[in-house]
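This is the structure I want to talk about, given as structure tokens.
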């Protein structure tokens, strides 16, 4: 049963999403002279809420492929690493190796509150802590989970940050 | 003059292969009610990869490094030998040689995939080699049919000869041969229903699993080789089914170009349509796929001989 | 109509029947098997119709219409309906793997052609169609032998009948209309009876499988 | 220009020198110096023989079939009952003499460096004398002019090979040697009977002067001869001994057996087809022969693809190659029967080229695997791996040999198969039924070629790629270049033979029907292409790609771990050769007959759910399961019945003798 009318769902503002996507595309063109960026997602112990939102990015509604972004299966193919979840001890090594074998230039994005702060699991014996504690992070996308639009916004911020870095 | 057109058309094909894949993806996105990536995205990803750093597994040997060169060279040679834009009747492009070259390319890619000691690579390699092995007899029978019907054994000459006569009246049963050839093209090009080119699940991969360990320029070479191979084979198939109007078979330049563009778009659309309609086959059911391809090729040959 | 077209046209249609017959041996789902059967029968319809048009034997049009109504439309639909009613599984059981049975089917076709070569002097132009029909009969028998499920067996029987019918069409230019109608009637009734039987058997044993019938001896 | 006498002397010296070397080797114990001396003598003999045979090929007779023969040595002077042409050379025997001597040269070179590494496993005097007799037998077989000499030489060869098989005296070797001995004696018996029937009892007649094959007895003799050679060449269903026996011999001898001895069996077949039968075989015999040989090609390739023991896999690949060569011989006969002389000539040339290439790459592969095994101490491909990183040059050489074995361009085998395929495919239009048969031939051929490529890729990938799969493989030492110089030369020769094939053929068969040469191009069935151009364009493409890549990218790659999804990779996670071959094992399971057994044993007494599971995997062969076992059971059953005759009553035996006598008299009179 739907208790809320669809238009009131927060992330249903597609115009907004498209502007962000367009901006990303423009920024990438400006930064790298026309690139198609590939994203590799690493689940470092998340609740899978972020994964659902990331998966939504590929569906016909959001369809990030039209902005030249796509998901890929191997960190060796990736330009952007998205990491979700507090980094558990079991995934610590995996995250490190994945970061290591991603060819530079690369951008690491922490997706979700847990990835940024460790969330409610911070301090647990099974958790190392936020992503920052393991690999350097370029951008953080808050939210539990962040909506697809928020994720896109976060990517935009990350790209802008790397633009600033390049200009500096 | 012919030499010039032939060279220019080969270069054109080399340049257009990523566009072809881009078109297939675009059509597929449309059929899936998406807007999809711009058709030039494959060029962009190749450019991105070429400019990136390369990370290589510490277990990889020289085989890993040599494989991309061999795979790409083989794809380029196939693009030169096979009539896509222009059908040349010269002696190059022997059909059996094309089939053997495809096998060389498959072998090189398989070894490169095995070399990084990853379990995924080994799995993809084993599957790819099996596919190459099962494709071989089907392709040879298709070649035998084309050759014995036209009396020629080079790829360009076959298309020229077919273009000079209404083949569907002279050899109606070549239809089976072409159906078999289309199945072979899908298998060689790592497309549905043999392989899923966009999968992220390692267990369902064939081609993608082998290139998981490659990065940067090597990956660009392998991806480009794969695009080139599929585009060339698909257009070759189109030229066999509808040989008319291809350059080099008596058609004027302008109409040749128009026909090429039409074929380019139609084949890309048909591929996308097929990929949107059929499911990928379980790997261990591929024997049925190849049996079907083989029997089609066999019937095509035998029935064409009777008439 | 160009009379020269008649022979190639019939040959191509017969070739299509043959190839669809071989592929039927490799099907494991009832629906795709019935689709192929309908396609094969449609080729038969076209053969009969082209006989009527090119050689002005107009009674063949009636035959074609009958084949179309019964084999292309009615029987496949009927069987699918019975199957849906009886909730019989889509997959048929066979004693062989699909790929293997297709190769054996190929061997049958080769055998059929080989057997027919001895008749070349009497057949003349009709050689190919005759060879196809004999091969089809062999394929039908093969299907009857290898399939355990009753639906497979029904279709096997129908393939056999298609083969014999093609032979009749090719060699005699169509049997007298009365005989044809009678044959159709028999085939239709036979297929319906078998399908209903399947439905019953399935109702009794929960499986559409002839293996269970073996235990009914005592 | 060498005179005929000089050629004869060269060949006779080549016949004798290995014998001298073998006897010399008897006195040396396992000394390294003696081994080197014997090896050098053998190399010298082989080089002289190769020169003699080569000179004959290039300078003398130029016919493709039934060339006239030149006598070597007048044996009648010593053995008056022999005809004076008893030892003679014609084109066919010179060609195979060249094969034998080149192979022997390479193997002798290799064994100088190889045998000292294995001195604790083999007794050298034993090996030297057996090898000497073996090679002497092979050479004598090839130059023999009459059935009698042929059979005599054949027996020497077979007998010596038995001692090579059991050289390490292990139980497995003795068992393999036993099955080899049985099969080879069965084959020899067939040969004797066959020659007796074909020559109508006159075993001293020259091959060329044998009566034409006519009548049921002669045809039966012909079939027996084919069976005899098939048994030696490992044609289905007589193949079972080959993958058991060849790998058991020391690698240098395996190289001789697989690379050279099988060619002698092929020579026997061709000699009979060409000289005795004049290619006039009854069609049913040809079809049966083709069916068996093609099945052998397919089956050998399949077993090579699923076998995980390096040397056994190579031996299975030999079975495949023999199937290919024998079926080519069958196709020559078929084309003659159909009246296609040009096509027959082309296939004949393809066959001869393949035979030469097979000697090169198969002896090369066996020698290389010998070197490999002497370092890794295992024949199991599943326990190798990671060697490409340690031995880059050696692995490159091995890869080239694998390329030759897989019949891929630019190796000579590819062009041989290309000539064959083009010829057969061009003849498909000859008629519906013939077209059908040719289509089946060509598609089985292609399937075998695909499987062979699979097998070779698997062998290379299993042995050289990925991480080492065992401690031995992880701690191998270096390989001295001297050890693998000889197989490297074999590989180079095999590739060069492909690239320069038109030049080679123009030298040897200038007037060949069916294959023509213009410049560097080969012309078959109205189509032509030039191996040299193919290689050059391949090299140009690779160079072009290389240059483009260097232009675009100059950064050095960074080395990291393999992507492992977080769980550190061990060698147990890699694909092994066995795992790699799983798809064909499954797809063709009715031929490979895999038996998978999972045995679970409870570990603790009080909890039956805690079990230890063990997977056993075993392959039977179809010949064993469906032919050998039933035959053995039938013989056993018959023997059981016959045993009842042994009643122990003397009168009964006397009665038997009486009956036998009466029956004999009735039959004889």
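For reference, chains read A, B, C and D in written order, and residue numbers begin at 1 within each chain.
Assume a contact is a pair of C-beta atoms (placed from the backbone, for glycine too) under 8 Å apart; a residue touches a chain by one contact, two chains touch by 3 or more.
A quick note: this is a predicted structure, and the numbers were derived from the prediction, not measured.
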| item | value |
| --- | --- |
| Chain at maximum distance from chain D, centres defined as averaged CA atoms | A |
| Nearest-to-centre chain - CA centroid comparison | B |
| B-D or A-B - the one linked by more C-beta pairs in contact | B-D |
| Geometric centre distance via CA averages, chain C-chain B, whole Å | 37 |
| Distance from the mean Cα position of chain D to that of chain C, given in whole angstrom | 49 |
| In chain A, residues with contacts to at least two other chains | 74, 76, 100-101, 103 |
| Contacts with 2+ other chains: residues of chain B | 53-55, 212-213, 216, 287, 298, 306 |
| Listing of all chain pairs that touch each other, if any do | A-B, A-D, B-C, B-D, C-D |
| Parts of chain D lying in touch with chain C, wherever the complex brings them together | 432-433, 436, 590 |
| Sites on chain C touched by chain B in the complex | 8, 11-12, 15, 18-19, 22-23, 26, 97-99, 102-103, 106, 128 |
| Touching residues on chain A, where the partner in the complex is chain D | 74-76, 90-91, 93-95, 97-98, 100-101, 103 |
| In the complex with chain B, residue positions of chain A that touch it | 32-38, 60, 63, 65-66, 68, 70-74, 76-77, 79, 100-105 |
| Chain B - residues contacting chain A, complex | 25, 29, 32-38, 41-42, 44-45, 47-48, 51-55, 199-202, 205, 208, 212-216, 219 |
